[in-house]
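The letters A, B, C and D name the chains in turn, as written, and every chain counts its residues from 1.
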Amino acid sequence: MIRIAILGATGYTARELLGLLLRHPEVEVRALTTRQETQPHVAEVHPSLRGRLDLKLENLTTAEVAKRADCVFGCLPHAASAAVISELLDAGCRVVDFSADYRLDDPQVYTKWYQVEHPDPDRMPKTVYGLPELFRESIRGAHLVANPGCYPTAAILALAPLLKAGAIAPRGIVIDAKSGVTGAGRSPKANLHFPEANENLTPYGVGEHRHTPEIDLILSKWAAVETNVVFTPHLIPMDRGELITAYADITAEWSTETLLEILQDYYADEPFVRVIEGLPGTKQVANTNFCDVTVRQVGDKAVVFGAIDNLIKGASGAAVQNFNLMYDFPETTALL
Amino acid sequence: MIRIAILGATGYTARELLGLLLRHPEVEVRALTTRQETQPHVAEVHPSLRGRLDLKLENLTTAEVAKRADCVFGCLPHAASAAVISELLDAGCRVVDFSADYRLDDPQVYTKWYQVEHPDPDRMPKTVYGLPELFRESIRGAHLVANPGCYPTAAILALAPLLKAGAIAPRGIVIDAKSGVTGAGRSPKANLHFPEANENLTPYGVGEHRHTPEIDLILSKWAAVETNVVFTPHLIPMDRGELITAYADITAEWSTETLLEILQDYYADEPFVRVIEGLPGTKQVANTNFCDVTVRQVGDKAVVFGAIDNLIKGASGAAVQNFNLMYDFPETTALL
Amino acid sequence: MIRIAILGATGYTARELLGLLLRHPEVEVRALTTRQETQPHVAEVHPSLRGRLDLKLENLTTAEVAKRADCVFGCLPHAASAAVISELLDAGCRVVDFSADYRLDDPQVYTKWYQVEHPDPDRMPKTVYGLPELFRESIRGAHLVANPGCYPTAAILALAPLLKAGAIAPRGIVIDAKSGVTGAGRSPKANLHFPEANENLTPYGVGEHRHTPEIDLILSKWAAVETNVVFTPHLIPMDRGELITAYADITAEWSTETLLEILQDYYADEPFVRVIEGLPGTKQVANTNFCDVTVRQVGDKAVVFGAIDNLIKGASGAAVQNFNLMYDFPETTALL
Amino acid sequence: MIRIAILGATGYTARELLGLLLRHPEVEVRALTTRQETQPHVAEVHPSLRGRLDLKLENLTTAEVAKRADCVFGCLPHAASAAVISELLDAGCRVVDFSADYRLDDPQVYTKWYQVEHPDPDRMPKTVYGLPELFRESIRGAHLVANPGCYPTAAILALAPLLKAGAIAPRGIVIDAKSGVTGAGRSPKANLHFPEANENLTPYGVGEHRHTPEIDLILSKWAAVETNVVFTPHLIPMDRGELITAYADITAEWSTETLLEILQDYYADEPFVRVIEGLPGTKQVANTNFCDVTVRQVGDKAVVFGAIDNLIKGASGAAVQNFNLMYDFPETTALL
């Protein structure tokens, strides 16, 4: 039994993670932390979990967490996350970090996009990016895994094999992304108030979204090219689900069929990437750890689609998949 | 031209009211107030109105409002509302009050339900309740009109004629009410956060909702009976629209047909109440000032339905209808 | 390994059932039937299941089904269901029937509400009603279980203990029910077209809904009283989730606390009924097999709430719970 | 008084058109046609209009329509539309055609995209495209106006001034479009069934949508360039509202500010195009005839946004705006 702690257990990703871990035969959830002073029962914070887990959220020190848990899932905000995680690693815990802190490899790029000094810069370039479809072998046995952002997951899974195959040009890729509202977190805000977000469709963070450098870094590194994606996210009036529609110049006489073949070949043995011939819908992946990808040739462009559940494959499901790899459990445990 | 001011112009009812008044040929909106110190343009507060009205929201004194406006629509919270409105009336303005302050006639009942002393108790019993279908003649020429609550509007319009005709028993009436989320106001709250309210259905305020005494008072007074309604509101994952489903004991051998006739007779000449033979849907009244009502006999009970747009017939449309009566404009002006 | 067949596998309940059964360690799905001539792969019919089950839907004879399966889940329309199921039972299969065919005990009542002769009337009074919380011992080892209707599940679980305790009067109970749109099935219809059902709220089947006699029969039989519920369902613009709000006369000086105690005592050991002190929300039970119930005393009435996921506890989850009891597997297998 | 007929009055665009025309002081709706044999009252077909218009839908010949109406709004399917409209024009009616039949100028291009011979090819190149912001003078007094498609309206209004100013390159423009479900019409279909479309997000018609040649034709003609847009529409789980997010290469050192200035200059006097500095939301234009546009420079690209209500500025509001121009009424009549 691996003893588990979740840091910052009040949000949607923690709730989804708990739902998955409660089905995992090899784990026991031992600690849930919050930075609030009150110690609410998990059933108060996440009423859907009432009757499934009898645990309080607690304001625990890092030392207390390290005493109770073998593996820690960190759902803390960036910068706060690395500060705690570096201590947990030193104390011998393994960590899956949901924050962005260990996804980038360059502290200066981090500071530019996150407007804060990185508290643990040395670990940045050494940390594996937790996308098993690209970095499986490095994740096996790792002590720290940087769980990918939701948009990067869908974008990279859709684009990476085409880039590596040289079928699409690395420069000028447009990623038009759409996400359900859980992607914006659980804190009430004016634009996320039901009567504002419902029946509405809005772009946000145009040209400024922090997933931009993450997508460029991983695509460029893995495919050995240099990308400069233009990334535009939009808020969709639904709970969960994320679709990226990417546009890239085709480099040669590629057709829909030959582009699809590249994806099919690359993902032939992947348990959680489905290369589909029809067009994707986020509902087909909702509440699952699947990523559905497909591609169409339209004129000189490849139009590439990737659909995930932003809370599962885009966060908590990916974390469990990484956890399974880290501890050598079957990769799909608790995820099907 | 009647010069108009709106007090507390940041909410949804003010926005809807502006939309209606901008179509009214006999009015000019001259002042919009806010209690905030900043003076945002109306287009910042209500972006949908951009390009339609060039006015700032201002933190105005009562005297300034009275100088600029002949008629004031008050969208202030209860208690705060009566304090200002009593001064405006003394200064010669006419007022349509959206708050609950002048809907009840007994200061003690008010204090029991609203937990505050009424700032202007003498005017309470003298104020007309702004439901034209019951109190039209008293509204004509009135200086102060208490605009009804949204649930009371639908409930009273559906039940009042049946009660007065003696077709249903006044004791033991159950009103199961359902409302879209705009009914809960514009301030972000945890339970109104999109991912909480969306795809969810919740009762609230069971046995405690402040519209309960309002419904009992108006029904009892108008139909000369004594009701004790059990009123249970529910939050529905949609923007606007309200349905009440009421259950009352039938007093004699009434059938669906004869019950419908009572409603049809009473509302034959009403411009905004439609007695329908089919079942209602809130979407059929959305963005309109109509109230659709119907009734079914089921066993010993009459099942009575009333559907409105909570922001129009349940608030701003009713206010304009009252305004038209107060100033002797055609009652449907700006409302069709 | 129990070999499973699902009859009529194109709808939402079959999809949910498959999702649950694919997590069940003791079963193997061997046949999916359709009355259509084409033989689509399950991934075409239920794209969310792509990659999880490699099986075609087939137009199979009863004999072929009986050859392939030990236990059959029937998702066929009423009357069609009993005709097939009686043959499967004779052939030695066990059956969980989702249709209404074996829920009532009187063929004449059945014919009155379903406008058709019952094809297998003799089995009607002998069949156990698959609500484990009331009839667990009879379900154990049963060969045929009538899976309850979704509204009856929520209504009966909320009301039955209060009725049996004599806390509420059996006559004059009002059940105001609300359901997400999956409850209306998968066939496109004008009133279920997205732009008609979205942002809309409508009652339907007032005084005529077929769940009425089912609720009356089970409540009356189990609590040894005679009820005559008035049942009014409403369509809510959301996918899944069902809430019943029931109103009953209190028989004595019951308070919210003492009414809650009755429910708490009765459901103390139930794995899937949660007696909550707060008010329920359908989202807290969505995608789970839980039923959340609570009660409030309001004047002379008890206001009783029951919330379920109409597709899980209201259909497919209940079916798996019944299956587990029939085969003596732990009752919560595949359901948590 | 201009006498009006609407052909094909059962759909959403006809309903919206009626709602607008009923507010127009200079028109009288005299005929509503349907190709069905029954003659339903408009209140049966469009229950929201109950009590506002007392007219039946009728299966009328072209001659009968011409006798009753001065101006005809055609909401018929393509090809069927031109066949009727050519006769109406010959009979002396003026026409606003909602179909695509007169939007393109080349019968061969039409046949390629619509898979049918054009019934009235000679009028194609002579017909004015009803986008007042580009072709106002030609619309004035016109006898036939081709009402634009919804996506072309948003896309052209956002892109045209930037193209004409030479600020963006005409080749390689990507238009990622998103629309509410009313854009797909009123006929129930499997993918538009509420539980399929709700909480879902899907692309459709990738590389094949018929608005593609319309956008290319109008942009190229008006801006005297040659475009080859890649156009990808998506279905959004909301009733109404449409957003296009377009990506084009910037031709020189343009900044967000200078790009915005081009739009502001071009639309300075337009009553229905609002150049906004913030990011658009479809809800801000819902139920209005406004188009909100804005632009951002991101790296080498201009990211251009256009938001409309697909049923108003994208269909019925545009039609009324065109009608006002054709008959020399103030352009905003019935639209504010």
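Keep in mind that, in the parts below, a residue touches a chain if its C-beta (ideal position, glycine included) is under 8 Å from a C-beta of that chain, and two chains touch if they have at least 3 such contacts.
Here the structure is a predicted model, which means the values were calculated and not measured.
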Reference interface B-C: repeating pair among A-D, C-D or A-C with over half of contacts shared: A-D
Pair of chains joined by more contacts [C-beta pairs], B-D or A-B: A-B
Could you grab the centroid distance between subunit B and subunit D? Build each centroid from C-alpha atoms only and quote it in angstrom. 36
Roughly how many whole angstrom separate the Cα centroids of subunit A and subunit D? 39
Counting only Cα atoms for the centres, state how far subunit A is from subunit B in Å. 46
Residues in subunit D with touches to at least two other chains are numbered 180, 196, 198-199, 237-239, 281, 283, 286
Interfacial residue positions of subunit C with respect to subunit B in the complex: 172, 174, 176, 178, 180, 196, 198-204, 206-207, 228, 230, 232, 234, 236-241, 243, 245, 247, 249, 279-283, 286, 296-301, 303, 305, 307
Can you list the residues on subunit C that touch subunit D in the complex? 12, 180-182, 186-190, 192-199, 237-239
Complex contacts: residues of subunit A adjacent to subunit C: 22-23, 47-48, 50-52, 199, 271, 274, 276, 278, 281, 283-288, 290, 292, 336
